[in-house]
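In what follows, structures are represented as structure tokens.
First chain A sits with chain B, and in the next complex the same chain sits with chain C.
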Partner chain A sequence: MNAAYEFVTGPLAWAAWGIFLLGSAWRLVSMYQLAKKKDASSLAFMDWGFSLRSIVNWLIPFNALGWRKSPAMTVATFAFHVCLLVGPIFLAAHVMLWDQFFGISYASLPDNVADVMTLVVIAACLYFAGRRLAQPEVRYITTGQDWLALVIVLAPFLTGFLAYHQVGGYELMIILHVVAGEIMLAAIPFTRLSHMVFAAFTRAYMGSEFGGVRHARDW
Partner chain B sequence: MGIAERLIEDVGLRRGVSKLTPEKIERIVNAVISGETGARLKAYSETCMRCGLCAEACHFSQSHPDDPSFTPAGKVHQTMGVLLKTGGRVDADFIYGMAQLAYTECNLCRRCVHFCPIGVDTGYIMSTVRRICHKLGVTPQYIQDTAHSHSAVYNQMWVKDVEWTDSLQWQEDEAREEFPGLRIPLEKEGADIYYSVIAPEPKFRTQLIYQAAAIMHAAGVDWTMPAHPGWDNSDMCMFTGDFEMMGRLKRRHFESAQRLKVKRIVMGECGHAFRSVYDVGNRWLGWRWHPVPVMHAVEFYWELIQQGRITLAKKFPGPVTVQDPCNIVRGRGLEDKLREVTRFLVDGDIIEMHPNKEHNFCCAAGGGVINCGPPFKNQRVAGNEVKARQLAATAERGVKTVITPCHNCHGGLHDIIHHHKLGMDLKFLSDIIYECMVKPAA
Partner chain C sequence: MNRTLPVLLALALVLACAQLAPAQQDMKTLAPAAYGNKLTRPPAQFNHDQHNEKAKLADCVVCHHGGKDGKIDRSASTEGTPCADCHALKVQGKGTALTRAYHKQCIGCHQAKGKGPVACGQCHKR
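So, the complex of A and B:
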């Protein structure tokens, strides 16, 4: 078990972070090259001010018409994304790892808060899955890719929660947790999770068109 | 559920698919996707999280609440989604359904933009599907006929060159009885305003040219209209996916204005034509902005009123409601000017539709849908129950007139009002200005 733990937190971690960071950079650069080559008549209208205007307005819950018309989804997706990003970055156990491996230390969340955030992520995943099964307009457009993305995100939070609460054998569970987290990182550039890389730009483009050309709100 | 279960017989679509082979389909689909699309389509198809929020956006899905195949993402899922997944290995029957869906069940109104957190542009994706259909030769007969007309005579309605100038002279002749000094100045070099219209105006809404001339005359505007092709600012080729022809039309329009050395182009009360001149055609031609400044009639009337050049003899009796055309409101932000002009003209309240302004529901006629003709009319009207409810709510509050500064909205709303027996009148702003303005004598 020790050797396995060493492996998943050593070479495998480097590989996962490498795939995540280099893969994301490659996807961004190649997408930008493609845009320059094929989407010049769109790229020409990109505008910093209108991009930020759109991004900020969409980051305010219930501000956009779309958020207002689907309140349950709005609560779920905002809670999900905040907990998904903030929870793992400021989890005390993760902060300790940064300190242990790289000597980087920063503030962490109390464990009970992080625990609740983990539960929020798990609950949101179940809600998303429920929508995919029960809501006809979501079920109709759901593909295997969408289930894959959901499972990839759920896995590290579920295993992390079980490991913290010592359910199902801590040593096994923590290894599964690390592996699941690494799969998630490595999957970001190459699955639906790539919206983490691209959404700011698709949003910015729409904001630029609506702000600079259409003189209308896009939210 | 899905497009395959609601196919409508159309001669153009049927003849088009009869000539297809699997090899041709695959070749053309991939030629368009790899040759003409790039980062936008790639990013949209990859990052659409299939969340379904856009189901709330579309008048088609709101009017068919039990059928998810009418949602924006549902429409992409059945068309571009399949093309990308199969690499274009689909059969002719699939292309029939794809074409019917793209041409007649999406108005390219972009209301779904207000619902997509990622910023997916469904209108762009559906336009690209139409582009593929055009290259495959599978287009609805009626709209293809207008595209042919554009190709042959540079206007949408098969109006011959002599008929165009004859129509203008006819209107001038009629108008001079009411306004003895009125002219419709043809080919006047250096005029302030180049006034362009859509071909249905000389064809069957000639009174709109009469009214425009009367307003120009009363306001003392230095204006002109061209005697040669280029006068039609409409563009069904933009909607069939014939972008080459769209580019030629827009070039002709701009060059006609440049030839006359006018200061700017003012366009009549049409939404799609404004979209083609202001936003789409210029880009195809490689112009970031317009070689000649472009202005929609709503903004032009607003300017004339600001300058005190239109005075009213009476006000139009209200209350009224206002239809916000997507191409000039979501497409140009003219909602406030539209209301300011309306308030100037109307005695009484503006009873707003809900939602309104840039969040307004489409008329279901725009985007070339009404131009696909009678075969698809009932589906179009049924696809906009939500608009009927919006209108009925204002009618209950006493509204009898819908101010509608767009030809397609006129057509769409007319059919909805008639079908639901709402008993409301549709008016262009120019109808009301003409009716209420002080008419200069001699």
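So, the complex of A and C:
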């Protein structure tokens, strides 16, 4: 147990963070170079004002037409993304590890709040899965990559929930949880999860084209 | 010869010694009064005597160290002093807060020895 825990929280954790950060930087640089080569005119149209206008308007729930057209998805996706980011970063157990490993301490969420947020993430994952199966227009464009991304995200939250409640063999569960989290981090640059890195630029691109070329809103 | 006095004296000595370490013998968890009722996790499982027997710890200073300004002094024993007497819940300036002190000392030693609990739920059992 000790050797396995040391390995997954030591070298494997450094590797996962390294792949996540360097991989993301590499994806951004290579995407920029590809855009410069194949879509230079769009780069010329990139505009801070139109970019930020699009980003801000899409960040407000039910503000964009796309959000209003599918209210259930809007609620699910906003709840999911907020809980996905805020939950793990401010989880008391994770904050404690920052303190233990690096002497960094910051505010944390009460455990029962974090517990509910974890359940929200799990429930949203199930909703997304159901939507991919039940809605024909979504099902038509669903690929294996979409399912892979969903499973990669679900795994650390499910194992984390079970480890916290110490259900189903704690020692194995905590190691599975750490590994699942590391797989998620390392997968961000190279799977559909890369929208974490690209989303702001995708919006900026659309916003700039709609604002500067078509003179229209893109929300 | 009257044996009552020596027997009473011996009994008094035994009782006096037993008085010195009642907390250690009864100790099953680490949940000092300093935390009040603000425990965020179940208290860490710790049976003082059982632990030391298993870990073959005879020297108290291994855990009950001295020191000041956040520096540990392993030559100065503070045997018999509970952790919370020196480590406050929150520290100003140098020094180590109680929770951090527990985590560093327990997990640090377990990691160094390759034995004993290292992950949260191994001590904080539900």
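The working rule: the second predicted complex is superposed on the first by the 219 of 219 C-alpha atoms of A that agree within 3 Å, B and C clash if a C-alpha of one lies under 4 Å from a C-alpha of the other, contacts with A are read in each partner's own complex, and residues count from 1 in each chain.
Keep in mind that, in the parts below, a residue touches a chain if its C-beta (ideal position, glycine included) is under 8 Å from a C-beta of that chain, and two chains touch if they have at least 3 such contacts.
Since we're looking at a predicted model, the values are computed, not measured.
Asker: Overlaying on chain A: chain B and chain C, fit or clash?
Answerer: The answer is fit.
Asker: Applying the touch criterion given at the start, work out whether A:P189 contacts chain B, chain C, both or neither, answering first, second, both or neither.
Answerer: So A:P189 meets neither chain B nor chain C here.
Asker: Let me test your reading of the model: by the given contact rule, A:A163 touches which partner, first (chain B), second (chain C), both or neither?
Answerer: second
Asker: Nearest 10 degrees is fine: what angle do the Cα centroids of chain B and chain C make about that of chain A?
Answerer: 170
Asker: After the superposition on A, what does A:G23 contact: first (chain B), second (chain C), both or neither?
Answerer: After superposing on A, A:G23 lies clear of both chain B and chain C.
Asker: Is A:T143 in contact with chain B, with chain C, with both, or with neither (first, second, both, neither)?
Answerer: It touches chain B, and chain C stays clear.
Asker: A:G181 in the overlay: touching chain B, chain C, both, or neither? Say first, second, both or neither.
Answerer: neither
Asker: Quick one: classify A:G87 as touching chain B (first), chain C (second), both or neither.
Answerer: In the superposition, A:G87 contacts neither chain B nor chain C.
Asker: Chain A residues in contact: does chain B have more, or chain C?
Answerer: Residues of chain A touched, chain B against chain C: more for B.
Asker: With both complexes overlaid on chain A, does A:D99 touch chain B (first), chain C (second), both or neither?
Answerer: second
Asker: Tell me, in angstrom, the smallest C-alpha to C-alpha distance between chain B and chain C in the overlaid model?
Answerer: Here the least C-alpha separation of chain B and chain C stands at 36 Å.
Asker: Going by the contact rule set out above, which residues of chain A touch chain C in the complex?
Answerer: Residue list for chain A touching chain C: 1-3, 5-6, 92-93, 96, 99-100, 111, 163-166, 170-171, 174.
Asker: Within their complex, state which residues of chain C touch chain A.
Answerer: 40, 99-100, 103-104, 107, 110-111, 114-116, 118-122, 125-126
Asker: Taking the complex as given, what residues does chain A use to touch chain B?
Answerer: For chain A paired with chain B, touching residues are 31-32, 34-35, 37-39, 41-42, 44-45, 54, 58, 64-67, 69-70, 73, 77, 131-132, 135-143, 146, 149, 192, 194-195, 198-199, 201-207, 210, 213-219.
Asker: Applying the document's contact rule, which stretches of chain B touch chain A when the two form their complex?
Answerer: Touching chain A from chain B are residues 1, 36-40, 42-44, 46-47, 49-57, 61, 66, 68-69, 71, 73-74, 77, 113-121, 279, 283-284, 286, 288, 329-333, 355, 358-359.
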